[in-house]
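Scroll down for the structure; my scribbles are underneath it.
Order as written gives the chain letters A, B and C; numbering starts at 1 within each chain.
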Amino acid sequence: MSSGLFLDGEPWVDWSWVSTHIPTILGYLGQHVEFTVISLAGGIVIALPLGVAAQRRRGLRLPLLGAFGTFYTIPSLAFFALMIPYTGISDLTALIPLTLYNVLILLRNVTVGLDEVPADVLDAADGMGYRPFARLLRIELPLALPAMLAGLRVATVSTIGIITIASVIALGGLGELIYEGFIESFRTPLVVGMVLCVALALVADVSLAAAKRLAVPWARSG
Amino acid sequence: MNRKLGPRWLLAGLAALAIAATACGSTPSSSGSKGTITVAGFNFAESSIMAELYAQALEHDGYTVNRKLRLGPREVVGPAIKSGQIDLYPAYAATDLEYYNSGAGEASGDVNATVQKLNARLQPLGLEALTPSAAVDQNAFAVTKATAAKYNLTKLSDLAPIGNQLVLGAGPECPTRPFCLPGLQNTYGIHFKDFKALDTDGPATRAAFANGAIQVGLVFSSDSDLNKLGLVVLQDDKHLENADNLVPIIRTTLATDEVKSVLNKISANLDTKTLITLNGQVELNHQDPDAVARAFLQQHNYFA
Amino acid sequence: MDFLHGVWLWFTNGSHWQGSDGIPTRLGEHVHLSFEAVVIGAVIALPIGVGLGHYGRFGNLAISVSNVGRAVPSYGLLVIAFTVFGLGDGPIVLALTALAIPPMVTNSYVALSEVDPDIKEAARGMGYRELVQLLRIELPLAVPLIMAGVRTSAIQVVATATVAALVAGGGLGRYIVDGFAQFDYTKLFAGALLVAALALATELLLSGLQRTLVPKGIRLLTASASRRATAFKTA
């Protein structure tokens, strides 16, 4: 129950609980990472070809962004719950909404990134004899990489946060620790869950920023 | 070699990571087990303890058990077992009967009659209820000691004349459960000033009692810390709540004689007092339901 | 189709528009929570971002703090607020405000720091004193990106306020949480629709506000910058 920062002298972290629950905590962390990676990968696999198509054909852009944008406005708790009649209480129940959310962010960034490839570079490539697919793969996508990686960063941090809500329906992840902390008025799992979640998001964010600097050193930071 | 990672390597790396993650997601199948059973529990501690008792006993007996603890309220667990997503859960005889008969009002204080009617309802669904335990956990309505003193309350019918001054707090499913809000209105004639959707006997309900947001709250009668919280349960003098003994509900295809005997043995070893003690270990001492279950089973020589 | 018909019936049911669980009440609670969080957040975030951007100091610190802010899971923050401060609107607004601040700090910092230094120098040359220069030259140029930050923040808050229902809060999230607990998918879906509609309305309202506030010349000048605002989902 509440009553200020120090509840009846109860500490915020009970280290004996932490030390006896390391396997459980790591299990939740692993689930969280798994959900994040799979939904991001799924998002990339869908958004990349769709983004290329949307950038090529003006007519596709609005419908695609509109369709995935619609998924994006569905509150995650509702989306997870609405999956249950179809996918039950399984990993897919969490993965499908998470992936669809990521598609929107990545789709936007793929199209914007490809848009920003300078026209004269495209002309030069054509002049050098690049066929369309080769041009896409070897010129356009690499130049669009900064924008795409920026989108990946946003998608990653966002996904890590949303997965905590999936735990409310017992789907796993670090949110289970937060839920346990709430339901048992027990602060330790709450703190552990929060700290690990923030740490995971920061590590992912910094890693992606570093990966971007390695992959595209000529790009402006941002 | 000072070659910087090119963009193509990055894309390839991400793809590999994705494939690896997908591969790691698959679980290995176990060999040599008597079969697989999926055990579920409702989203409160007592149910997790019960589910763990079933799960660990079955595991010791040679079954592979999948756990889906904290699955949700009955409105989620019921459909899950009907569709075969789960196979077994610890049910409460009277409340579950009124769930499977859509609130027909068949439950009573007689546990055997209640379970008999329950099985009649379960059979067409391919489910069955086993032998009920002596352990009972009923829905109970509590008020703070101060409220009880102020209005001189000892039983639920005392609320009827003053209901419109009081706010009721319970889980969100209360307005649709025959034993909850509708029952209080129909059996006791209590019409509350307002209803607050909280959690049944959870942190929100306790906080709501503490800051006066609610005066009456739904709790579990086998809760271990009601006294400590300054709450007193009002007596159910018109017997709205009926025989809510703990009883395993299982899908008939899995209810072999062996499984049944394992589960019935657990039910036989439980009574209400034991239940309250087990709950206390989780609620007050912050122990985990599975540890509490294991200790209990060891104490009763299940693993001998 | 049957299901959607059921949702339509839910909306046209008169009793769903009355009482403490009625649509107007829940909508009002949701707007109230969101509005307070964004306003309080803006009062804190905008001066900080504008100040840092104008002086060009501690930019990296500001961005880093914002990144950490974005990394905090909204559900966890709401639970912590509940654990420390208990039941009620206050703790919820506190948590939502904390979530509202990062996008507004980042955007206002970038907005101010990207003001063309030539313009600033011209103003100085014309004799503008610093505060006046800030108010009459830099801020108007920065408004589009600042407003984009406020818009992003507002939509984020509106979406995240649904999670308040998980810690016994009010608002439209109640329909989602209660609908799930009661296995009433019609109510759940209706709740989701209402939240989406409110988010859309917020976006349109604030875009319209931006268009009336920002002079056309500046709008054209900074068009590309304001399109950069990326929505970030926290719930």
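To be clear about the criterion, contacts are C-beta pairs under 8 Å (C-beta built on N, C-alpha and C of every residue); 3 or more make two chains touch, one makes a residue touch a chain.
It should be emphasised that the depicted structure is a prediction, and the values quoted were computed from it without experimental measurement.
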| item | value |
| --- | --- |
| Which of A-B and A-C has more C-beta contact pairs | A-C |
| Closest chain to global C-alpha mean, per-chain Cα centroids | A |
| Per Cα centroids, the chain farthest from chain A | B |
| Distance from the mean Cα position of chain C to that of chain B, given in whole angstrom | 38 |
| Inter-centroid spacing, chain C versus chain A (mean Cα positions, whole Å) | 20 |
| Intercentroid distance (Cα basis), chain B paired with chain A, Å | 34 |
| For chain B, residues that touch 2 or more chains besides their own | 72, 76, 199, 203, 207, 210 |
| For chain A, residues contacting two or more additional chains | 1-2, 169, 179, 182, 185 |
| Junction residues of chain C - those touching two or more other chains | 82, 86-87, 167, 177, 180 |
| Chain B-touching residues of chain C, taken from the complex the two chains share | 20-21, 82, 86-88, 167-168, 174, 177-178, 180-184 |
| Residue ranges of chain A touching chain B (in the complex, touch as defined) | 1-2, 14, 17, 21, 34, 37-38, 40-42, 44-45, 84, 88-89, 91, 141-142, 145, 169-170, 179, 182-186, 188, 211, 214-217 |
| In the complex with chain C, residue positions of chain B that touch it | 72-73, 75-76, 78-79, 171-173, 175-176, 194-199, 203-204, 207-208, 210-211, 213 |
| Residues on chain A engaged by chain C in the complex (per definition of touch) | 1-5, 7, 70, 72-79, 81-82, 85, 101, 105, 108-109, 151, 154, 157-158, 160-162, 164-165, 168-169, 174-175, 178-179, 181-182, 185, 187, 190, 193-194, 197-198, 201-202, 205 |
| Residues on chain B engaged by chain A in the complex (per definition of touch) | 4-11, 14-15, 17-18, 21-22, 24-25, 43-45, 68-72, 76, 80, 83, 85, 199, 202-203, 206-207, 210, 282-283, 286, 288 |
